[in-house]
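Going in written order, the chains are labelled A, B, C and D, and every chain counts its residues from 1.
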């Protein structure tokens, strides 16, 4: 017997450690400097809460945050609902296996292309750009995840449970709400989290499809980045890191069988 | 309780006939078994009755009400599935209460009804467990409880015991019979296991691979007097000898080439019975008496050589080679009330049977 | 047959529901919020504190939306047919384009109280000869942000040579990221301030020059160039004055250099899109913006030169800025507008791809 | 007559209410997809072949817009993008595989923490990562200060605005797309197979090559394309991290699309680059298949 050699073990460990270093050094540096009183990325001078105060009192930022939240929540809700309804159609004998292929496109086509084609479509149909168009674009992105993931789980379900419920006297709708949906719930929640975060962080689609009333957080950060370095962004990073850690924790605690991929 | 009646029911799936024009009346309040080899369409027939499949043509009656087009959930028919299909996200209690809740019963009533039935099934200690925490037999009982709790008129059972081990299966069979006696609900029990069917059924039907019903009758009728070679071969084991029918009018016998003539008994003259027509004779192995000695009082006798002996415990099986190079199976009970003669390999033996115990079938 | 018809009806139903939702805002118009205006503007032109105090004083809610290029503004305004916005801040040439597209509404000068304070050199310019549609709000010129420390003891030519002369440059520079600006800078260097629209030969020369320049360009960016300077990434950056003025307040070693050949000016103007129906509120907002304390704040936050000339009480006005703000028409004549006579856009963009792809 | 009508109405109700209402409420997802995904894409494709006159009047079929891009710089742009995407995918794979291996087989108790730490950055806005890397790669940034303190360098190195910084950011952003699929396939993996392989006398390297790699080949491909496809169209990272000194497919598209009059040219280039993407992705697909098969032999 020849187990993994000590050398290979150490090499593996070193690689993993340096990968995590690579992932976290920038974030930690950023967090530390969010407390630095000099605005430029100069060496450490002194501790301050100033940037956090400025962050919380910045009106446009929170408006952008609110917009991003609205967009992410709505697109998550719409894509999950549409996905669930499609599954309902499948439980009623609708053959959606082939239609499923339609939704793979959303992930395969580069986001820039999707954004460009949507922008072209909106201007051709003279649809006003705004929150609605952004929600629409993000819903497309969401559907690309929701439908394949939920449908895959749905197919794993024992269809006899569905039949058993019908036989026991439940109508198709009752069956859907009492059996199918509860069984799909863990998958739906994790998928929803995934879609939410993807929408919340999305930059490309927002960049092209944002309208008059829709400054998203990503666009706001971009404008901050472009107009030079501001430690407010550091503070914002800290806040968002905490938020997304919380979401990831929820994601993990669900222990559902949904894989990210 | 109303009876189920199928009229010219037909179902094809992807061009293949699964259920072929079946006419069947299932009497109310009886334990009815539907027996057939795997893939013969018996499950499909059950699903047609439940409403899980739509028939191509024909009708299904519950009593005198045509339920062919009625949606599943409106039929007073419940079903127990092969793998139980318990809802994994609901507790035992919730599983059983499922159909009652749908009927909008008051919670207190639901609670007492469910508790009563779970007690009857010895499940009162598992009320709040999830199905995967139960053993197979317990799951089976939960499935049964769930299916009968809202007092359906008909209960369909689709090979409900297939996943259980032999011992447990035997016990569950008894429980099922007792349950049916108590409830007087019409049970339709689908199985490919003849032992189960013969044990539980008041009445049974045999389906063949073409999706047709071969024979309907009580288990005894089916076993003792099969009307076709398919039934004879499928239910139990049997020996088949073919020959031609002679001397119909006075003292009928069957003429088997190389073996001789054997007396037969014709309780009821069938249309196909004609002088000299080819015929099959089926004799159950346990109806044959085997001995090295010559014995009187039997209608027929045949000589042969013991080819092999298989010891089964409660009986012994002898395979006897006949002069025409066919083999005959004989079961002998090992009752050992008296000293039995010892029969060994290659012994010359006599095989005796009464003419009433051989069944004549159309070839 | 029935089934197909029904399914067709269902599909039509859903299509119309979806489209109705999208056109909803358009059908409903945006005046559901009576006491508010929507301003579509650059990310860094209005100081948030000014907006806040305006909202507090008047009770009018101001929704700010940002763009980062005039082109973005044009695309979006065309797509929405100028609906949804009550005030926009286009640059000079964008005003001309918007006028041509008829997306602006004429101004009612009787409602503008600050007209007399406006710097006359900024009025009646070719992009809007009678200022019927636009009011200059702020302006800036292009020049170089230079690292004084780096050039201590070196020659520092106040010329476009700083970014184009291959015999002189041995440092990294920050360059604008726009083919139109870049070609005009190159033309200014090659052919002097009186250059005309480039002919084919000249186009080739310009392309060649820009391609050569690519070697010492550290960053192509329309923003963030001041940051390169401040972090000592590049000793010379091409930038508009506003960024440099902002940077000068933070880091001492930066200075602004105006090329002596002449340079380019950008004037940001306030315009009201054609579809806006909230003129009254918009004029109130404008009048507020042009108050002395507002424009002073504007300069101190963002470094844009104001379009008014009353700067007597301004707190941190350095001599150079003061001189620039009070420019005589003659001095002002040294400035050219960008986009006066552009080459076709496709040609320019193609050129830019060529420059960057070598 | 009236009676027959009644029957027809009942028939309609029956069809609509009992048979087809699942269709009616299930179909929006598909309609949405067709209307807002495939229709715009179709318009994009068709628009690349149609000439528009003044005031947007249709002028008929044209290949002009596609031919506009039949010039050396654009081929180079596509070439660079292919290199960037391939390089990124390969780098990601090289980093991701050991990491996924560690997570799946050796992580044990800290596995969940490591997974958590992997996903958290992935779930925060990527522009913030860009920003974070500014801080590190800056001339006066963390890395330079750190290296100077160690005495490895004396003059600060310009890490930013180079291919290096672009690649760093690309790998940083796309790494989880590669790690997660590989991890989830390795995790399902029966460790007994590896033990069996050792039992049969295979070395660690042989086991890696002959057992692990081929069995996780599907997920490697998934990860590869999850990285490859979006990085082909990437434009924000080269612009922000690379000083936009080199144009890639995404930047050219944005360059034309956001132009005042060049929108349809951008659409045409999108079409061309999509073709390039599909062809190159197919080649990569076959190549990976081939390489993985060779591994086993």
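The criterion applied here is as follows: contacts are C-beta pairs under 8 Å (C-beta built on N, C-alpha and C of every residue); 3 or more make two chains touch, one makes a residue touch a chain.
Keep in mind that what you see is a predicted model, and the values were worked out from it rather than measured.
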Exercise for review: Could you tell me which chains are in contact with chain A and with chain D alike?
Suggested key: C
Study note, to complete from the structure: At the largest C-alpha centroid distance from chain B we find chain C
Revision key, fill the gap. Per-chain C-alpha mean nearest global C-alpha mean belongs to chain A
**Study point:** Separation of chain A from chain C, taking each centre as the mean of its C-alpha atoms, in whole Å
**Key:** 34
Check your understanding: Per the centroid of Cα atoms for each chain, what is the distance between chain B and chain C, given in Å?
Key -> 89
Review point. Using CA atom averages as chain centres, what separation in Å is found between chain C and chain D?
Key: 34
Practice item. Indicate the whole-number Å distance between the mean C-alpha point of chain B and the mean C-alpha point of chain D. Key: 60
Revision key, fill the gap. Residues in chain A with touches to at least two other chains are numbered 41, 119, 136, 172, 222, 225, 229
Check your understanding: Can you list the chain B residues in contact with two or more other chains?
Key -> 71
Revision key, fill the gap. The positions of chain C in contact with two or more other chains are 75, 221, 231
Review point. Mind giving me all the chain pairs that touch?
Key: A-B, A-C, A-D, C-D
Point to revise | Contact footprint of chain B on chain A as seen in their complex | key: 158, 160-161, 163-172, 174, 178-179, 182-183
Revision key, fill the gap. Per the touch rule above, chain D residues touching chain C in the complex are 11-12, 15-16, 19-20, 23-24, 27-28, 31-32, 35-36, 68, 71, 73-74, 76-77, 80, 138-140, 158, 160-161, 243-247, 252, 255-256, 258-263, 265
Exercise for review: Please name which positions on chain A make contact with chain C in the complex.
Suggested key: 39-41, 58-60, 63, 119, 122-123, 126-130, 132-133, 136, 211-215, 219-220, 222-229
Revision key, fill the gap. Interface with chain A, chain D side, in the complex: residues 22-23, 25-30, 32-34, 36-41, 43-44, 47, 95, 98-99, 101-102, 106, 112, 114-121, 123-136, 138, 140-142, 145, 172, 175, 177, 180-181, 184, 198-199, 201-204, 219, 222-223, 226, 229-230, 232-233, 235-236, 240, 250, 253-254, 257, 263, 266-267, 270, 274, 277
Practice item. In the complex, go through chain C and note every residue touching chain A. Key: 21-26, 38, 40, 43-44, 48, 51-52, 63-66, 68, 75-76, 78-81, 83-85, 221-224, 226-227, 230-231, 243, 246, 250-251
